[in-house]
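In the two complexes that follow, chain A is the common piece, with chain B as its partner first and chain C second.
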Partner chain A sequence: MSIIEVSHLTKFYGKSRGIVDVSFNVEEGEIFGFIGPNGAGKSTTIRLLLSLIHPTEGEGKVFGLDVTKHGPEIRRSIGYLPSEVFYYEGMKVIDLLKYSASFYEGNFTERMKYLSELMELEMNRRISDLSFGNKKKVGIVQGLLHSPKLLFLDEPTSGLDPLMQRKFFDLIKEENKRGVTVFFSSHILGEVQRLCNRVGIIREGSMVEISEIHSLQQNNYKKISVTANGLTPEFFDTPGVTNVQTENGSVNFFFKGDINAMVQKVSSLKLDDVTIEEPTLEEIFMHYYE
Partner chain B sequence: MNIFLRELKANLKSLLIWSFIIVLLIVIAVSKFSAFAGDPEMLKILDSMPPAVMDAMNMNAFNLTTLIGFYGIMFLYFGLMGAFAAAMWGSDIISKEERDKTVEFSLVLPVSRSRVVTAKALAALVNCVVFVLITWGFSIVAVQSYNPDQAFYDFLALEMQAMFMMELIFLAIGLMLGCVLKKYKSSGSTATGIILATYFMSVIAGMNDKFEFLKHFTPFYYYDAGEIFRSGQLNTTYLAVSVAIIVVALIAAYTVYNKRDLYI
Partner chain C sequence: MNKMIFKHEFLIRINSIITWTISVVAMVFVFFSFFSVFAGQAEMMQQVLEKFPEELLIAFGMNEMNYDTVLGYISFYFLFIQLLLAIQAGNYGFGLVSIEETEMTADFLLTRPVSRAKILTSKFMAALASMLLTDVVMWISMFTAISIFSEGKDYDMATLLLLLFSVILFQLFFFSLGLMISLMVKRVRSVTPYSLGLAFGSYVLSAFSGVFGDVKLEYITPFKHFEPAYIVNNGALNAPLVLINVVITVIALVAGYWLYLHRDIHAVS
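Now for the complex of A and B:
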């Protein structure tokens, strides 16, 4: 069953583009990555699905219900972590969490305790005294508190230190195991690869690709830089190598294919230096259009 | 209920500040009143003032040396204060969520926007009621030394009803502005603009016959203290007009707020 169904969703803010003709489905129990650079329309899509804003054209359905008509009903089973978290400044963390919980049916005392201890929240501090990262932690607890069936995460890791990021990812995986569907928006390819089953790539308001994360990884280019004595660009004139450039005595290129073959080829050289790295998202995007 | 209670708490400080100001106003005004209470010399001075000033201050209708007359003049300030406070409460209680960017929290909760507006409107309404009651109660306490008679209490009660109606009108207008205007910054200033514009309309309408028609467009004229004093009641036509304004403003508030994009 599709938890999210988006068909031909379009949003213009006056004349400026939000998203144009975006269609995709998110199935129950999956972690769907939604990736694209800043301003591509990721937050717009999420806000449309949360009915904070209304579509210009097209429709979105969550749990089979139209988002513009059944907003409150849908939101009963949704958790949302915005990219920037803003709460009522004067409230204490504990009061804010209790306030949030009061809108949902059930008793969440135990869960509040569990989540806040996991995220190392200081419950008696005022929201206004919290740093960006600490507010984000409150956001995580608040978003997960009522055990939602569907989670919207909008660039969730910004502001979290690496240790917290790992705890957060573990938490999301754990929730996912319980059957929670996750819509994970990010501009960091690495974290999407770690977590997601499928990924949609959005660029300038349009969906350019929806694929399994495995196939994306197979398509994935490596950025390789080799420095060796007497090395010429022609040495790498083999299949899978593109974009060869020479810079300060080192040869840089993109490689797509069997990485073992490449490593063997490189190992035949007497190297001064070698780096193999993930291309940035922009570089991947560029390859999508070449 | 949870939104209502949270808003009451969040607005308590504002209510206390407004109440403190109006109590201070009453204390200062009543202590000034002691200077010319029952003083015939004062009447002569007042009579020698230019008629336009008398009109603007609504002093023709009242004998300032009596308690009722004095409170008739005071109504101008009560009305203005009530209007400003109510309009601010109304517009701010809606627009602050967008200003503070808390909409991404408060409207992702499983509540309809109508429920949010209703809860907030009720919280602002409680503020308005308390504000009138404080004005009323403190007025009674402040004038005790002048041994007010029943006529004064009756007039004061009418004035307070009028003040409450002014509050309701501007509360509804404030709510409408908060709900309708996408630019949260402009709702407060637009509310202030409307209050000042309608107030000066009522002044101009009273001063110049050519502009008398303006009186139909300003709540400050609907609840003119001189008129209330003369007739001993609130004008039923204008009461109906007030209710109509309130209903229209509320319908606009709910309709637009349910449809519009939130500013994030």
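Now for the complex of A and C:
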């Protein structure tokens, strides 16, 4: 069953573009990655599905219900973690969480305790005294508190330290095992690859590609930069290497293929420095436009 | 209505309610404490006032006043209480939904499983309760002030009650208009300039409508709709003007609801 059905969804803010003719489905129980650079329309899509903004054209359905007509009903089973978290500054963390919980049916005391201990959240501090990362933690606990069936995560890891990021990912995986569907928006390819089953790529307001994460990875490039004495670009004139450039004595290029062969080739050099990086999203997009 | 939102909205405004209530009560008592001075020298006061240009007196609503009666004296300074109440009501109206948007908490509230109509109604009720609380304390302090300072002079209770209760409609006008305007402009960065502008703007219109005689500015300003001197002198509300007031208030409220239900809540930018 499709938890999210988006068809020909379009949003213009006056004349400026939000998203144009976006269609996709998210199936029950999957973690759907939604990636694109800033301003591509990720937040616009999420905000449309949460009925914070109204579509110009097209429709979105969540749990089979139209988002413009059944907002309150849909939101009963939704958890939302915005990219930037803002809460009532004067409130204490515990009061905000209780306020949030009061909107849902059930008793969430145990779960509040479990989640806040897991995320190492201090419950008696004022929101205004919290750092960005700590506010984010409040957002995580708040979003998961009422055991929603569908989670919207909008760039959830910004502001979290690596340890917390890992705990957060474990928590999301755990929720997902219980059957929670996750809509995961991000501009960091690595975290999407770690977590998601399928991924949609959005660029300049349009969906460019929707694919299984495996196929995306197979098509993936590595960005390699090598610095060594007397190194010439011709050294890397082998299959799979493209876009060779020399800059400040180091040779940069993209590589697609067996990474072992490349590492062996590089190891024959007397290196000053080497970096192997994930390509940036922009570079992935270039691939889709080839 | 959602009780949790009501409670939250009321508590978040509690400091403001206390501050405004204290100001209003202070004004009631401070002005009334001069009653005996004014009443004792009413004749002299009248002579002084006669030397002022008629237009100026009209502008300040001082042309038809009897400072030696309880109601006459109250009607003289009730204008200042109205001004305070107008600013307070304007604050609550302009800030009702705009503060959530400038402080970015709208995302939190509007992603709860509650319809926007319910959210706005709960907020509206909380603001109404806040204003009524100020009113009730003002009413009590007015009666207390009368019993302390009136020197046993008689007054018409029905007229006084009419004047005191009229502030509810008066406040609702500024509240509703504030709400509607806040939803029509792109972003309200700070509430106070708007509410001060609306309150003083309306007051100035009322003052000028007296000066220019023919210009019918009294149709649009609540300071004319609920002019204390008129209520006291006639023992009744100015029915046609009050009707206009209520119609404007209702239109503004309906427009406010419509705008809020169709509003796009923009992301942080």
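Throughout what follows, the second predicted complex is superposed on the first by the 279 of 290 C-alpha atoms of A that agree within 3 Å, B and C clash if a C-alpha of one lies under 4 Å from a C-alpha of the other, contacts with A are read in each partner's own complex, and residues count from 1 in each chain.
Basically, a residue touches a chain if its C-beta (ideal position, glycine included) is under 8 Å from a C-beta of that chain, and two chains touch if they have at least 3 such contacts.
Note that the structure is a prediction, hence the values are computed from the model and not measured.
After superposition on chain A, the partners chain B and chain C collide with one another.
Within the superposed three-chain model, A:L52 lies in touch with chain B and with chain C [touch as defined at top].
Contacts of A:F103 after superposition on the shared chain: both chain B and chain C are touched. In the superposed model, A:K42 makes contact with neither chain B nor chain C.
By the document's definition of touching, neither partner reaches A:K137: not chain B, not chain C. Legend: residue contacts after superposition of the two complexes on their common chain; A:Y88 is shown touching both chain B and chain C. In the superposed model, A:P72 lies in contact with both chain B and chain C. In the superposition on chain A, the residues of chain A contacted by chain B and by chain C overlap at 13, 47, 50, 52-54, 71-73, 75-76, 78, 80, 82, 84, 86-90, 99-100, 102-104, 142. Chain A makes touch with chain C in their complex at residues 13, 43-44, 47, 50-54, 71-76, 78, 80, 82-84, 86-90, 99-100, 102-104, 142. On the side of chain A, the complex with chain B involves touching residues 13, 47, 50, 52-54, 71-73, 75-76, 78, 80, 82, 84-90, 99-100, 102-104, 142.
Looking at the complex, you find that chain C touches chain A at residues 2, 4, 8, 12, 103-108, 110-116, 118, 262, 264-268.
Contact residues of chain B toward chain A in the complex are 2, 6, 10, 100-105, 107-112, 115, 259-262, 264.
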